[in-house]
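Read from first to last, the chains carry the letters A, B, C and D; within each, the first residue is number 1.
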Amino acid sequence: MIERVRVAVVGVGNNTSALVQGLALYRQSGSLVGIRRPMIGGLGVDDIDVVAAFATSEEKIGRDLAEAIFLPPNNFPRLNCDLPSAGVPVTRGLVDATEVERVAAALAGAEVLLYSAPSGRPETARAYAEAARGAGVAFINTTSDPVARDPHMLSSFEAAGLPLLGDDLASQFGTSVVHNALLRLLAERGLTLVSSYQVNLGGTEDFRNLVDNPNTKKQSKLNALTEGHPADRPASDQPAVDRPASDRPASDRPASDRPASDRPASDRPAAGRVEMAPLGYLPHLRSQKVAHLNIEAQGWGGTAVSLDVKLKVDDPSGAAGVNIDLIRIAASALRDGRGGYSAEATSLFKSPPGTAV
Amino acid sequence: MIERVRVAVVGVGNNTSALVQGLALYRQSGSLVGIRRPMIGGLGVDDIDVVAAFATSEEKIGRDLAEAIFLPPNNFPRLNCDLPSAGVPVTRGLVDATEVERVAAALAGAEVLLYSAPSGRPETARAYAEAARGAGVAFINTTSDPVARDPHMLSSFEAAGLPLLGDDLASQFGTSVVHNALLRLLAERGLTLVSSYQVNLGGTEDFRNLVDNPNTKKQSKLNALTEGHPADRPASDQPAVDRPASDRPASDRPASDRPASDRPASDRPAAGRVEMAPLGYLPHLRSQKVAHLNIEAQGWGGTAVSLDVKLKVDDPSGAAGVNIDLIRIAASALRDGRGGYSAEATSLFKSPPGTAV
Amino acid sequence: MIERVRVAVVGVGNNTSALVQGLALYRQSGSLVGIRRPMIGGLGVDDIDVVAAFATSEEKIGRDLAEAIFLPPNNFPRLNCDLPSAGVPVTRGLVDATEVERVAAALAGAEVLLYSAPSGRPETARAYAEAARGAGVAFINTTSDPVARDPHMLSSFEAAGLPLLGDDLASQFGTSVVHNALLRLLAERGLTLVSSYQVNLGGTEDFRNLVDNPNTKKQSKLNALTEGHPADRPASDQPAVDRPASDRPASDRPASDRPASDRPASDRPAAGRVEMAPLGYLPHLRSQKVAHLNIEAQGWGGTAVSLDVKLKVDDPSGAAGVNIDLIRIAASALRDGRGGYSAEATSLFKSPPGTAV
Amino acid sequence: MIERVRVAVVGVGNNTSALVQGLALYRQSGSLVGIRRPMIGGLGVDDIDVVAAFATSEEKIGRDLAEAIFLPPNNFPRLNCDLPSAGVPVTRGLVDATEVERVAAALAGAEVLLYSAPSGRPETARAYAEAARGAGVAFINTTSDPVARDPHMLSSFEAAGLPLLGDDLASQFGTSVVHNALLRLLAERGLTLVSSYQVNLGGTEDFRNLVDNPNTKKQSKLNALTEGHPADRPASDQPAVDRPASDRPASDRPASDRPASDRPASDRPAAGRVEMAPLGYLPHLRSQKVAHLNIEAQGWGGTAVSLDVKLKVDDPSGAAGVNIDLIRIAASALRDGRGGYSAEATSLFKSPPGTAV
């Protein structure tokens, strides 16, 4: 019988709630609903235990993980399963880099550290990565902060024979997955794109933070990003204090998502344009995300083709459905002694190693 | 300079109207809007001339092709281009097989015969194919009647060094293209399909024939077909008198489109089901087709994912946008002496050689 | 304390399931969710008891009502409430008019008979009405069969001092309610209707019967009805054996819903047209109904206005939400000695007295 | 024959473009498409002449009105009609109150002054009103700035026997018209609202100004307004420099549109909530506005009812379709000597006299 994977998580938000509840549900039901890969490296969905959790919220610290995941502002629903006490009290998270050793000590016994905190605190992300490396633990960075695509960091994990996966989790089935699939289909079939828009609405803290953000310039830049933080990325786990990731250069973003003024003039003004409406924070949606997409195109003889799509998903489920694969990829690589990045994780990240920081 | 392709067409319905008008529009505008492949075998979109046309409607016979394409029940719109007299009077089409020689004679000077009549008259389709072979002309069968997937017919074209392409044109961007792309995406991302439906509405003769068809059994079988005649196939050019194609065995159809009673029982009743609503004939839509698609699925932990799509296309444009490629593939093969089927046409047909008759 | 209303029901289908379960739920929860009128004539939602039920299905006869409502083909969901044994075994329903006296005897103790069988059996409907009159019981006809709008029948109830309410229940919130509200709004604001369509999809027996009906002519006429049996009327309770209601003259139907060929020619072909797609039977929808509506109009200077609507409702709930008011209107009138029709029921029926038979 | 109405306009933006072009189109075509009231006080749609126009843009001043309406940032389309030179050069508009007399002099010969500048400059609005009063001209205020609901201003027009209509034009067929009609219908039918949202997207200057507005607080307050500037109001005519209208007290707004925190707590958290997503500026939409509405409700037994709506309209047409009625109401009242407010204008404004300033 295979040894169970011991995972530690940073961040006790909606994504962790979805992960912890789903692990219990799959173990109890034996179901494989919504599972992309039943087995990875011999590891099934129910071969995973969460053995440690870090958070910064005073309300969550010290509480059993099975209780802490339901504390506000978390609003992922209760899944239909028993959730006994986890026996895992939430540990105080890193506040500054002096605490790397304390965290490393707390990781004893873990094989994988899943970093599932909010994006926008690159130093914190790197500190946790260093703690993992120090403790001989594989590291997964789901945020957009550069960790796996930092060549120095990656080399150090390779040298230590430890897996390092990241950056910026791609949701299992989000707005950009659907939008890109349809735009690609259009192109493959030879139609000419006239215009397209995307509206993203949600009710999580992550949506609220972006909409309330007093720094309009930063917000508009965030909004303009293709990856659509958080439109195209599962909501991160805690309120972001700072989001320097939004300051990355425009050249790092696909042309179609830059504001019109950034783009070269074209003889047909709407050619190739995909426009993003600002994110909408609608509290009643709770952890669900709703997207409205429109695509207007031209076919033979310039005749009109139009596509309207409404997509409704549960945002934290879109993260957990990918995290379950990443955890097993990381554990499997660790056990095989394959350090550094695993190619099979590439399609699960927006910014894998080699992309711009 | 390349020699222009000389094409004859069977059927002077909406699809031929779209083709003839589009050829004029692209020649005048130099545009490539909606064109999948600008060049095929050195042939551009404006390197094609229609040199003969066959129809059975008394109103159309003898009229110049540039006028005949606007006669009722055709309802494809006038494109924004000049359409001078074609200098091609519509010829009386085949009524029975004794006329093969007359038709073959009328094909003198043509390189390609595009068979764009309504589906459901397999003998007529084969008679035109024989006329083409006799005249040394390549043949394209856009209907669901078996011609290219008839091994004897295919061998005879191969032996004669003549291209034979078919059967059953796949629209450039139709309901099934979009629906299948989304179902495939869902599966790739690991979601579990719960249910899905498709509604197709249109205003052409083809929609009217199917809805008015007094033979309920046949109609219901037609409706149940995946390819959704005409939901997933551009409307054929003339009213169908008979539609034996609908009698092909159920095993020829994808499992997802068979009525629920055909399918093996499953422990989850809705698993894998795609349901088709009956075709709706809505005259005001004219040559446009509207489809409503719904997909309900489950992701991580069984949480709900739902997708609603409205697609609006011009049906005859979806045929013309593929015919423009088929004509050039056939002409190019003919000129190169490559008889029989061309592999590069495979994705453009629903029933290429090798599929069940 | 007010005396509780004693109701007998004819038909043990989805609509009766919704009524019986809802009565239990409202009594237990004290909730008023979805209730249009909390009190009618001093009667609340939880002042009603079902004391007798008639059905023709051998499986249901003799079973307790609380069990019979869950037998197939019923597919209304289980509501979230306790449903103890009703103490009401299902009684064999009328098969021919010789049994009126048997039924009248079985109505002893009831105040109201709610006729909730399938439409299309006018003789049966009248026989139950006569039984009710004979037993001194108020009668509610929810089917499209003419009972309350039969002047002789109405007079006989008036003479007996017994309420008679009907015909053809208008759903609490169905496709036609929404479609008509939007078309009326358009007209009030001065816009010009260009075209409109309505697609209705459902998974109940009523939808299945209409789609499978081998008599195509009858089906197409049914489909053409405005009231959209069952698109605009909650699904009836049992499979219809016969549907002569569909033979009522076209003059009984609003102009907008007649087939195009019935309508006077207009200089603008699409002017004022509302088109109905055929009903779609999609089993996975079970008792839910989905409608897609489209409205295309013109505003100032002929500029385009378009509206697309998707409506999803539970069909039997739409019936029960109206039946709860009709039962109280009938009981209240009976207790006050007001025989015949009650004006306050008028908006709850499609064909009240005075409309064409 | 009736004397033609002589109208002066303030603002040469999209709304004035729609008005001027539409007047020409209706005169040439004799059509009444999109017209709510063919005759008002004996005045038809083609009995109106624009005789003066004021603007502040240097590019527009001095240009013939028939040219100026097509200058950027105006993006209302060219209607399908001839538009000969208007013979009306655009006049420099008021910059400060010292110019009231100059404007009054320029109004000589006009009967009605239509104030169609951007909202947010209340002093300017009042100065034009005073100029109109001085010149003996009726005044229509389409902006949200308080003019007609200022009791002193209204008294002075009444005393002068001059009509004064306002404030804040209600679009002929906008998002709030449709949303409110559906919410009202829901309530009338007795359903219980669970949640609702509204997304508004547009491509005019007005949308751009609101989205780019650096003052986040103001923007969020604007966004929270029910009237949804400009979601529920036709885009105003020129870029707004200042928008103090957004500072009007919350009590001036319908409860349903206030942020959740403003509303009294309810036992069901989502009860009665209508949430507004932030306005989206999507340049490719030009003068079209797209709205996505969702309504989730509960019917009988708490079963779910859901409505999804996509609405697409031309925003300036929605203003012109109302302005055509206001001009005739004002002219008719002026000619009859009825000064002050006209009751028949009430449904055409969001803030008629008597509402909070």
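To be clear about the criterion, a contact is a pair of C-beta atoms (placed from the backbone, for glycine too) under 8 Å apart; a residue touches a chain by one contact, two chains touch by 3 or more.
For clarity, every value in this text was computed on a predicted model and none was experimentally measured.
Asks: Counting contact pairs by residue number and requiring over half to coincide, which of C-D, A-D or A-B is equivalent to B-C?
Replies: Answer for B-C: the repeating interface is A-D.
Asks: Could you see whether A-D or C-D has the larger number of C-beta contact pairs?
Replies: Counting C-beta pairs in contact, C-D comes out ahead.
Asks: Just curious, how far off is chain D from chain B if you go by their C-alpha centres, in Å?
Replies: 49
Asks: Could you work out how far the Cα centre of chain C sits from that of chain D, in whole Å?
Replies: 43
Asks: What parts of chain C, by residue number, touch at least two of the other chains?
Replies: Touching at least two other chains: 308, 310.
Asks: Under the stated contact criterion, what part of chain D meets chain A in this complex?
Replies: The contact residues of chain D facing chain A are 194-195, 197, 199, 201, 211-214, 216, 219-220, 260, 269-270, 273, 275, 277-280, 282-284, 290, 292, 294, 308, 310.
Asks: Would you pull the chain C residues touching chain D in the complex into a rising list?
Replies: Per the touch definition, chain C meets chain D at residues 18, 21-22, 25-26, 31-37, 77, 79-80, 172-173, 177-178, 181-182, 185-186, 189-192, 297-314, 317-318, 320-321, 324.
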